[in-house]
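You will see subunit A twice below: alongside subunit B first, and alongside subunit C after that.
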Partner chain A sequence: MDASTTLAHDSHSHNPGTHAHPHQSWLRQYVFSIDHKVVGMQYLVTALVFLLIGFSFMLLMRWQLAYPGQSLNWERFKGNISISVSNGVGSVTSVFTGREFKPQPFPAAAPYDPAKPEPTLLGKLFGKASMPGGVMAPDFYNSLGAMHGTIMVFLAIVPLLTGAFGNYVMPLQVGAPDMCFPKLNMMSYWTYFVGGVVMLSSFFVPGGAAKSGWTSYPPLSVVSDQLPNWPSILSGQSVWILGMVFLITSSLLGSVNIICTITQLRARGLKWMRLPFFVWSQFVTAFLLLLAFPPLESAAIMQLMDRVAGTSFFMPSGLVVGGNIVHVSGGGTPLLWQHLFWFLAHPEVYVLILPGLGIVCEVIANNTRKPIWGYKSLVFATFFLGFVSFLVWAHHMYLTGMGTVVSSFFQATTIIISVPSVIILTALVISLWGGSIRFTVPMLFATAFLPMFGIGGLTGIPLAFSATDLYLHDTYYVIGHFHYVVAPGTIFAIFAGIYFWYPKATGRMMSPFLGKLHFWPTFILMNCIFMPMFLQGMGGMHRRWYDGGQSWELAKNIVHWNEFIGVAAFLLFLAQIPFIINFFGSLKWGAKATDNPWESTTLEWSTPTPPGHGNFLHEPIVDKGPYEYSVPGMTRDYAMQDINDGKTDAGPPPHDMEIPYTVHARPDTGLYNAKLGIWLFLASEVMLFAGVFSAYVFLRLGADVWPRGYLNTWMGLFNTTVLISSSITMLMSWASLKMRNFQSSQRWLLATILLGVLFLGVKAKEYSDKFHHYGAFIKQESYSKYKNVLEAEGARVTYHPETKLYEVTGHLEKSTAEEIVLLPDLKRGVPTEAKEVDIALADVERWGAFYPKYSSFFAIYFTLTGLHVLHLIGGIVVLAYFYFFGSRIYRQNPEHQANRLEVCGLFWHFVDLVWIFLFPVLYLL
Partner chain B sequence: MLIDFLGIQKNASFNGVEIDGLLEFCHWFMLILFVGWGCFFVYTLWRFHRSRQPKAEYFGVRNHVSTHLEFSVILIEGMLLLGFAIPLWSGRVYSPKDASVHVRGIAQQFGWNFHYPGPDGVFGRRDPKLISSNNPIGLDPNDPASKDDLVSVNEMHTPVGQTIVVDLTSKDVIHNYALPSMRVAQDAIPGTMVPLWFKPITVGEYEIICGQLCGSGHGLMRGMLVVDSAEDYKAWLDERAKLKAGTAMIETPKASVAVAH
Partner chain C sequence: MSDHSTPNPESVDRHAPSLTQQEFNDHVRNYLAIFGSLLVLSLVSFAFWYFQIGLGWQIVLTLLVASAQAFLNLRYLMHLKGQGGTIKYFLIMTAVFSAVLMLVSLLAFFNTIPGTHH
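For the complex of A and B:
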């Protein structure tokens, strides 16, 4: 990376606009590229494909809703659509002519013969279980629903906003040569890509993709997709979780990168309050992703444990599914998942909208030719919005049995969060006043965004109050509400952004004619789709009904809207064709773009078009705010932020377009890049462990008996000492390097690694002990048989009042089909030796080793310590790398190596700190 | 009425009146904001089109009208919150003292079991181990309190004009007992028992919706609330009790829904 960026300057001065420097292979240049612009384009194209896939899923569902139970094939598709259109036209004209209109009926479905090969393409693609004869099965409908939500949120919109625009535009706008950590950036894209592939592959596992909604509420998500002859870890819902873990990881890497880039790589003179609003929106968004996603990751890990390891984080006792008792230890709570889920998913809503507002703000300023009204209030409102978005999550849970106090709190925060939203929207609308508005294609989308986002926001009012939410909760009203925010809202902003920055990225303009042909039908059809949903919701139609409400008496007056929405959705699909043609065709046939075709002010327009590796041909220096349009007294109606005023080859060649502050601290922040990065990463780690720890609190408070004394406190204490010592040796290693004593540093580093390995060894012993220790839960009615023997011996017996079971633990001596032989654990202070006890299996409710599924205690013990052990292993691997290969960097740049050790040390100390917290919580309390 | 124009289900309950009032007010508020704001928006787009305004003004709006508007919006929202929404909710979640009918709603995939305590007013003990095809809620036959208990599948009867309390729970996954015409909805969560109350004022039949995705049959998980006159309600209870005595055991549940596979 270092070598490549230094070389890059030469290629620029000879050939401005070269995409990447010529010494790289095709693979490194376009596939595994570390250039933020290539990564941004990769994100853009991949996420647009996912947008189309998510949309297609919705079209399949809309077919089912409009024409329930009808086979989806080309013949019927044409037939039904034309019948629907002629019926629609007929019934509307009958209103005016007054003549009676008899709607044409749909032909009856053809009989399905399962013996014959699948007649439809979709039946072949998704299999007999999903689309038999082209007719959608209810489970498949639920799969599509869950995947539509997941794909749209996590694989399309967020990657478009933060991955594509955040990656491509933001570094240019802050005048940076690249993202702060280019390799991390590449990893973040590829992790996202793998996550997407994993997600889609779940359609082809037995049982099909996840079918419990994008919210994946347990117990449904835990008990569904459990097939008898297929490993649980590879079933639909588990694959969904694994895919989510990839996506969350990608998001974390990306958000650390975005925050560091904005903080550390701002050009000279680009003070905070001179940042374009888009950069601010990325900044706040990145913080939301950084802090809100880890709790969901912890929840995903716990749900995976529930599904695969049989734990009961989210499973209460006494579940009976399909007439069969679910044999789990119980004691968990389904609501914990909802809290952790919405703790992410509400900030996620603002992740979906803030960068959209950022794009709209840029486009409006540019096309009104005047500064944004109330720039400062926009910035502060955004910060406030980000902060409060962490405090509103439970307004998704009003119907879970919430009391007055809690619901009042969340209603109040929900109303409070509307304040910054109103401020932002008002500022954007008032910005139009006094402008000289030109309706370019980006401006059309940005203009349409405002009322659409307004409708989305206003319809949130009755949903914010728990009393009115009683009626509207989970109806189509809610669907309409959030789609107005995200679909004609954010997606319009995304289109505006694509049309706006396309010339910078490709050097070609997109066709304005095709753009308008894209905009107007899209605008009208979006409203045709989502406006009727408010009526359906008002009429009481609930979401996730796979027959679209056809069988419900209460929906009989509103069910016909499904047909209207369905046809509009198919037309919306057609309306995207001009965009697709425009997007690809303009690459070849588009008019050549100048460096600043929109006559814009911000720094990205001071680069050559398209920008080459390293972005700027001269060092950008900023001396004014972002939106200096129509400054009084100026001849031209815009003044660029860059002091060179848009002359892309002005000034001396860049003295240093390498990524700055990799080794030495940036004076105004006092940090070098990696140090800021690791602090941000640790903040997200705190949230991750806090997520699992909240499960500990929930489980413990809800438990009738919390087990004590199952863990070996002395071993734990020993391990605590080991880790504390390793922190000291780690510190010594770094300090030695600071004093330029490499040999001594290496010795301390080796000691740290060995102490880490020692900890793992002790932990392995502890784990294996648990797997050899057994417990049996004796039924209350049979307990009298064993009572005397056990009491005489002084065995430790725990009674569980909730399940009415007596728990006896001990070393398993022998087990047969009829009985088990235990050497029981004795009470503390009992002097005798334990004698074997035979327990008939007929008297036992359940028994097993101290696996995670044994009880809530072992579930949380293994999850928390397992997560900690994984972190420790990660730390050891990195330290070992430095131990063996660190001397290379040290010889080149000792300060750099010291920095690396410092950053790793911070992580190491954090992992130690987690243990120091876990030890008393699990072993002592 | 704006919400009637939008097609809201007819309210059939005493407790729904205030909720409808708040819904009505919210929608007028939204409409006024949207229309007022939309007029400004459209006028601005027309007035400041490049053809009418070739040169933009650097400063734009210089007055503070918008601040006043923002504050009024916040004020109205705050008033709605403190004056109506919170009191309404606290009215929803307290346990009414005048409750005359107490029912337990036990949800399962994909149907509703309604458990009536019978004349003694005490619910019999339930045990998940006793659940079978003809004992859908696992009622313990040896518990004296359960002798007169009644279980009705997918059909709930209540007398008109009385306050009804329904304790909700679930056997398997999370469901939601949604009754649009009574303006009530409450999650049925396994492992918990959460009450809700309503007071029907119109005799009739109302569909009970499952409002939370619960699996393949979710869309067809329907219960029926029958609001009877006092006499009809008593007759229904008697008939049920007779039926129970006749079969000696709780009735066999009908296959709750037919799910096409």
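For the complex of A and C:
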């Protein structure tokens, strides 16, 4: 904001160390704050809570795996309850107590009397069906597994890395007063928060939380959780999808902000190659989130359609569930979901690790007191890694019947991607060489990270080859592999980061003693948990077994590890207590921290502690690279990036820093902030529609016949004209404002809005036409009854070879319990009038109006156009807002208002662009 | 970085037009030309459908026409012409990834082990 649009400068406090913004209420300061540091802290605390929740779910699962079918009733620990054990296939003897456990088929053996009150707290909390008689039900186990994965990935680790560290540290490191779009930043936190609440609430809907794993593979995820007397949209799996939509939205907002902040708000002299590596890792990560998440968002929308609107995006024809044919239109493919899911989820695993590498890099440079080895190769390797991570996704799908060409492609890219990973790890390891290492607590975690990440990475190599993956897929080996990357890997990096930046954020040091008491047990126990999983996995143990393998002959030599892992996991939980005490206790009792307690170099250490509003007391100017440690000829062993060497009283007189380039372009990028922001947003939109278009292609290619000519092409053409015109009026509105002709701009704006509304009106008419158009699928054996009548009048009949059905469409004249009367559609160019045809319902496989569930064509038609309509409505709302309330900003700063019109115009043209493809693809081809 | 270091180019008179009359006229002429071209191209696609030129050709030609329209839209209406490198690199990257998503999954659709898919 430039001077005239901001509050007077003297209203701000300049005292170092004040968070306070004097004129703000408590609510604005700490709850709905737009300060990146507060938002970062909110992310940190919320995500740590979710980490704990995800961890507790896993502990419950480990109980069931270690002692399958045993009651978790507290009474048992007092020795009051004896458990009747049924005749299972195998049994296992506790390595700790020597007691023998046998598996119990659920729920027969559970000492469960529905009349008695719920014996366990869990049963009280999650409902009777979850823990009948204190024994974990299989469905509940599945819910816990799915939610553990979901919570850990989307609600704990990613928000910690990008939301907490990305928000708090990154703007400081680039010398910015805040994030580029502070309000958007607040919104992304709150969207994340709502997403989390929605996710957790799914435990309390009838049927419980989602059960299909964090991967939510259809068809299971579509048919599961569909209860007879409960709306599908509020069932566990649907709520999971809704929660994901919130989380994805939050991630998108966050990544636009991160990229813009790094590109636009870098301090003077902070050239790209002077950025700390942590900033680079955030930059690449943000791109991964920005471009990989939207296809999953589109897939989530389609899965929701499958569940709620009865479409068949992911449902094949002739699917049999529990011995019954599933009555859906069919023609979809479950593999499409896997593609769209892993297109996100593989880049996502780099989202889970890159910022961790960034943190570790900062800590290592600081504690070895020497520059990072191979800074440039680190940066380029990270870019390469980010890029290639988009090309490897189907290595999760080797077992789907994939042909040799495709699997060779993905094996090759997967092996290629291990090269940059090795470069990064090697650079970090070599950085240790010859350093005078200070083993501070952050450094302990950072050093331990290296071999843990190494193990995680190396065990991935056998998974990269389809031949070995054939054996290892879906075993505990996979679980071991990725947990080495994310648990002792990323979580260690997160701990390193917390111990490292805590003094900057709070002004207090954390206790090194408690830190070490936290580190050592955690380090040992993590390995106790995950190392045996490799053995179990190679022994063939499946990752989703509810009884931990006890009823499987092949697992009899490896099941005993379950108990060992379970005990270690429980101890790991205890080992976090010193951390919790340290985290909260140090706020009060920690030693006071100086501005630069670790004698570090990067810009965040040139701020007061803790940094106040606007972060820096005077504008930071950079004249060095990020890691100038032990430079020969210096009196100290480090030189700060800041030209004033961190002296807060040096330099120009203090003034509040405001966010630059909100109206005028930054010279080196030629962009003002919002323009970059909207382009990034549009890039993610491209990926969103690319996801749905892939679905279109899959459905069309997979269909035995693709219906053409059911849409009103003339109306489509008319709407195309409307939308193209509106693009021009939009531009005229902007150009008029550039000429400072407000009246004329308003007129053009109004025209744009009205054209948009006209488009919606026509669309509504088209939709309603479809809802009143019917079709019936006549069984092959009965078709002969109707053949002659239909052929005589030239009716349009489509034979579906795959399902062996004849499809007749037309206007519904009458329907009774026995028959329907159709006025059939005629073939194109048939001159006669249609005559009514009576069709007996006994001869019909299914019939109905052209709703999305009618066929894959209408499924994709309504989804694509519906999504487009939503975008249009969004655009209209914003334009209407500008129309009615734009004059205030215009009077203050006309160029600002012109920019807003330009940005909104870009969105509008994009919506137009999408239609330019929708019209031919749906109406013409 | 702030008002102190970067002089505000329009602090003189922010209410003066930021386009010259000449630039404005050029813009308008340009927009009308694009408007006409987009309409004509839509009609061309429509004609392919109307005259039933055969599905194979129709798909190829219609998609080509749509791409041409997209190009005009991006270059002139969305002002990519004359835009600096930053956005162009981002967009090229996006285009590559969206193409990869669609094409490689398509490849996977066709290249399967016989008998594993219907």
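In the analysis below, the second predicted complex is superposed on the first by the 870 of 925 C-alpha atoms of A that agree within 3 Å, B and C clash if a C-alpha of one lies under 4 Å from a C-alpha of the other, contacts with A are read in each partner's own complex, and residues count from 1 in each chain.
As a convention for this text, a contact is a pair of C-beta atoms (placed from the backbone, for glycine too) under 8 Å apart; a residue touches a chain by one contact, two chains touch by 3 or more.
Only a predicted model underlies this, so the values are computations on that prediction, with no experimental measurement involved.
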item	value
Which of subunit B and subunit C A:404 touches, first, second, both or neither	both
Which superposed partner A:658 touches (first subunit B, second subunit C, both, neither)	second
First (subunit B), second (subunit C), both or neither touched by A:431	first
Touching partner for A:676 - first (subunit B), second (subunit C), both, neither	second
Touching partner for A:193 - first (subunit B), second (subunit C), both, neither	neither
First, second, both or neither for A:336, with subunit B first and subunit C second	second
Subunit B versus subunit C as contact partner of A:474, first or second or both or neither	first
Subunit B versus subunit C as contact partner of A:917, first or second or both or neither	second
Overlap of the subunit B and subunit C footprints on subunit A, listed as residue numbers	316, 335, 400-404
Complex contact set, residues of subunit A against subunit C	2-3, 175, 263, 267-268, 287, 291, 295, 316, 335-336, 339, 343, 390-391, 394, 397, 400-406, 409, 619, 652, 655, 657-658, 660, 664, 669-671, 676, 679-680, 683, 686-687, 690-691, 693-694, 697-698, 701-702, 713, 717, 720-721, 724-725, 727-728, 731-732, 735, 738-740, 802, 893-895, 898, 906, 909-910, 912-913, 916-917, 919-920, 923-925
Residue numbers on subunit C that touch subunit A, as the complex places them	1-6, 8-10, 14-19, 21, 24, 27-28, 31-32, 34-35, 38-39, 42-43, 45-46, 48-49, 55, 58-59, 62-63, 65-66, 69-70, 73-74, 77-78, 83-84, 86-87, 90-91, 93-95, 97-98, 100-102, 104-113, 116-118
Complex interface listing, subunit A residues touching subunit B	69, 137-139, 142, 211-213, 217-220, 223-224, 316-323, 325, 333-335, 368-371, 373, 399-404, 407-408, 411-412, 415, 418-419, 422-423, 426, 429-439, 447, 450-451, 454-455, 458-459, 461-462, 465-468, 470-471, 473-474, 534-535, 538-540, 542, 544-547, 551-554, 557-558, 629-632, 637
Residues of subunit B defined as touching subunit A within the complex	3, 6-9, 18-19, 22-23, 26-27, 29-30, 33-34, 37-38, 40-41, 44-45, 48-50, 53-61, 66, 69-70, 73-74, 77-78, 80-81, 84-86, 88-90, 92-93, 108-109, 128-129, 131-133, 138, 171-174, 176, 178, 180-181, 183-187, 189-192, 194, 207, 209, 211-220, 222, 259-261
